[in-house]
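Note that the chains take the letters A, B and C in the order they are written out, and that residue 1 is the start of every chain.
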Amino acid sequence: MESWRTAKGMFAAVATVPTLWLIGFFIVPLGIVWLYSFGTNASLTEIEISGTFSNYSRALDPLYLGILWKSILVAAATTVICIVVGFPVALAIVFSSNKWKPWLLLAIMLPFWTNLLIRTYALIAVLRREGYANQSLGWLHDNLGGLLPLVGLPAPGAYEPLELLYNNFAVIFGLVYVHLPFMVLPLYAALDRLDKSLIEASLDLGAGHFRTLLAIVAPLAAPGIISGVIITFVPALGAYLTPDLLGGPDSQMIANVIERQFKRANDWPFGAALSFILMYATFIAIAFQAMKSRQAEARQ
Amino acid sequence: MTMLARLLRKREPIAPLEYTRRLWMRTWVGLVMFFLYAPLITLVAFSFNDSRRNIVWRGFTLEYYEKALNNASLMEALLNSLTIAALATVASVVLGALAAVMLWRFRFPFKGAAEGAMALPIVVPEICLGVAFLVFFAKIGFPTDLPWPLNLGAITIAHITFCFPFVAMVVRSRLTSFNREEEEAAKDLGATELQAFRDVLLPHMKPGLVAGALLAFTLSLDDFVITFFTSGPNTITFPVKVYSMVRFSVTPEVNAASTLLIVLTIILTTIALKIQSRMGTVSQRH
Amino acid sequence: MTEQQPIISIRNVSKRFGPVTAVDNVSIDIMPGEFFVLLGPSGCGKTTLLRMIAGFEMPTEGQILIDGQDMAKVPPNRRPVNMVFQSYAVFPHMTVEQNVGYGLKIARVGSDEIKSRVAEALELVKLDGFGARRPDQLSGGQRQRVALARSLVMRPKVLLLDEPLSALDAKLRAQMQFELADLQDEVGITFVTVTHDQDEALSMAGRIAVINKGEVAQLAPPSDLYEFPANRFVADFVGSVNLFEGKLTLDEPDRAAVECEGLGKVYLNHGVTGSHQSNVWVAIRPEKIYLHVPGDGKAFRAAQEDAPEGYNFARGKIRGMSYLGDITLFDIQLESGAMLRVSRPNLSRRDQEDFTWDDKVSMHWRADSPVVLLS
């Protein structure tokens, strides 16, 4: 690495355009939102930057605080489910034969390349009242239900479709569906780097597979697990499309509230404050990750 | 006979680390794959279903593809999306490559801050970026009545902003494997700064640039949230159009449109992977 | 001596990976308290054999018994053996103490006992005082001692060592060879070691099984292996050797002769038992050939005259010399054109000055020096 002073011309040539772009089209727009978060609606189109904190204090209103807290819970639940579901998959890929490994990786990545909207739409078709999930359950119900009297149980009534869509279940289901690849890939990367003889040594010293997983694999793969957690948690926290399309009236997340302030309620200053609260929450999560993975690396 | 012998031969016992051979593990992976793919496969399958209600299979038809392809506003949205993605990709690759070289090569004041700022568009929630662009373009009074394709300017700018840091990240990680002595050797053999860059550094960056371009194109093509806040009534993109259709109903027409986009992404990904693997082998050779 | 039961009994074990046969119908019995070495070139299947004893690979065919018990359904964590891995596999996130105590903790040994046994094990491998260190603060040799202590503390019936010295530098390796042998003597545990290094095997082992292409080429104590190799592979792999193909022309109980291509007639003072084939190979170790100082024709003739019947003589020209300090290696071209490798100890400081390239030299070896090989 060289100092910018030794090659000023070269440095200017590479640095100018990206820096100006980032300032002009990223820092400035965010800066305006930040200023608006301290403003009040002066008229229908005018916003006066009055330096008020009222937007933030309004965000502390139990209604909005509740939604923020709920968003955090939903994102956390999504993350936990993704770890539980994704960990065995990552493990299976790590220990699969060379012939299978690239195909399994591709199979995990391919949905990631597919449009988020389309994947969410596909879930609607599966989960709705007359969707495939309910149809399959209904078929099972009708066919296996007939067997129940044979074992002495009363025959069940007609199949009542489950409400799988437009509720919290659907939102978490959708978020897991969308974010699972984000979890599997960092887990895979972390487990793949692990020296396999460490696992063998643990087994050799008398530990079972589960004990080995907890005592050896998890601590050593910690940086990967943490980055998988953050890479899942952060976008899930700010998710807009999934709760919007799959959620019901009571499963709105923070991003939906922000959208409403800008597009419908037309309360930009309040929306600005909310979006900065969301951003701060994101930064806290990322700072937490940086701290934890530094600790994990220091321990090794 | 050999078949029988093979069947009769005892299956070799599973060694402790052969996790992939364990039944519960295979079942688990199978279920996860089913979870990931069943919705998409049914979506594609039912785009050929000869029934409006889209529940029971009634027979094969291409009717809904015809409908989707004849839907002028849908096709216009698709054209808009592809145009934006192409423009955003070119600009992002240039900006991303410059940023990557800047961060990889130079020491300069406030470098930590610059690195942080460069990573921000990746981590900031989409919704926040979306509203920031909404506010920004309203504030500067970005003209909304420009002729095509200039009217796509606002969306393109937004897309470049969230795409180029990804390109920079990919290219920079590629650059870390660059041996600075190669560049010094070129200069030692008489190349100027610019010639050394063109003949040595750029070829090394190429796989990173291709990967970055692929990433930028897909991110741009897929983006809904940020576009949703920057698009106007005349600048509908494909995801925004599909969104408005999806909100109302599940119809085979939407399935057909979605299938078209899935196929497009798969083709692009395959091409990019092919190019990338070829570049990868070329760069390994030298 | 009382009849002893083998601690490890490998019975007709084969291991195939797809089309590749890594271990081919191997049967070995290892006795309690032995220092047993599996020696062979890389890829010969020795590590696979060791990993099958530890339970990390499953035999395709055959049986492995440890202390009389069939291990087919016993997972590695239930086997009374412990392994020292080639990479040592010291857990990087645990201190030395935690590493060594890991197995005991899993076995639910009381914490006081863990403490004393860990201290004892660390003392045994000369790491007392290192308990609180982390693996990244240790040298390669020290990490290996941690791995050793971690396994020994479990008091296994058998300790398995996979290329234990390959990652150490030459000096340390030589030192560890002795230490490992001493340690084994001290703890009395059966050691089974895998190595590709013949010096390592010869210096440490009680018995060595030389493995070639998945099969046992010879199983014998080190000196037998070196002095009485069973076949060309062992003769060539263990030490260096001059090999000549020849025809058996005389085979009586107390003497034999082989007419070798390029070397002429080679006399032996023993019969070649059990051979009905006329095509055999003669192996002569370089250090068993005595090289006469050139120009000292009188001494040579005297030697030739004084020599008991059956001494072997040859003449040639020095084509190559490499001075190695303790010995000098000579490549000598015989009159027939064949090449012979001879080593000569430098008994006095100026010994090597007696020879130079293209010198005509003569040499002899005793009739009990060559080995006749049938395969």
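Note that a contact is a pair of C-beta atoms (placed from the backbone, for glycine too) under 8 Å apart; a residue touches a chain by one contact, two chains touch by 3 or more.
The structure displayed is predicted, hence computed values, not measured ones.
Visitor: Looking at CA centres, what chain is most distant from chain B?
Guide: C
Visitor: Does A-C or B-C have the larger number of C-beta pairs in contact?
Guide: Greater number of contacting C-beta pairs: A-C.
Visitor: Taking each chain's centre as its mean C-alpha position, how far apart are chain A and chain B in Å?
Guide: The answer is 18 Å.
Visitor: Centroid from C-alpha atoms only, then distance chain B to chain C, rounded to Å. What do you get?
Guide: Their C-alpha centroids are separated by 57 Å.
Visitor: What are the residues of chain C that contact at least two other chains?
Guide: Residues 55-56, 75-76 of chain C touch two or more partner chains.
Visitor: I need the residues of chain A touching at least two other chains; which ones are they?
Guide: In chain A, residues 200, 203 touch at least two other chains, as defined above.
Visitor: Any chance you could list the residues of chain B touching two or more other chains?
Guide: Each of 16-17 in chain B touches at least two other chains.
Visitor: Where on chain A does chain C make contact in their complex?
Guide: Against chain C, the touching part of chain A is residues 195, 197-198, 200-208, 211, 215-216, 219-220, 299-300.
Visitor: Which stretch or stretches of chain C touch chain A in the complex?
Guide: Residues of chain C touching chain A: 54-56, 75-78, 81-83, 85-87, 89, 91-93, 102-103, 106-107, 136, 147, 150-151, 154.
Visitor: Considering only the defined contacts, which chain B positions touch chain A in the complex?
Guide: Going through chain B, the ones touching chain A are 16-20, 25-26, 28-29, 32-33, 35-40, 42-43, 46, 53-55, 94-96, 98-99, 101-102, 104-108, 114, 117-118, 120-121, 123-128, 131-136, 139, 157-158, 160-161, 164, 168, 193, 218, 221-222, 224-225, 229, 239, 242-243, 246-247, 250, 254-255, 258, 261-262, 265-266, 269.
Visitor: Quick one: which bits of chain B touch chain C in the complex? Just the residue numbers, please.
Guide: It comes out as residues 12-17.
Visitor: Mind pulling up the chain A residues that touch chain B in the complex?
Guide: 1-4, 7, 10-11, 14-15, 17-19, 21-22, 25-30, 32-33, 36, 85-86, 88-89, 91-92, 95-97, 100, 104, 107-108, 110-111, 113-126, 128, 130, 132, 135, 177, 180-181, 196, 199-200, 203, 209, 234-235, 237-238, 240-241, 245, 255, 258-259, 262-263, 268, 271-272, 275-276, 278-279, 282-283, 286
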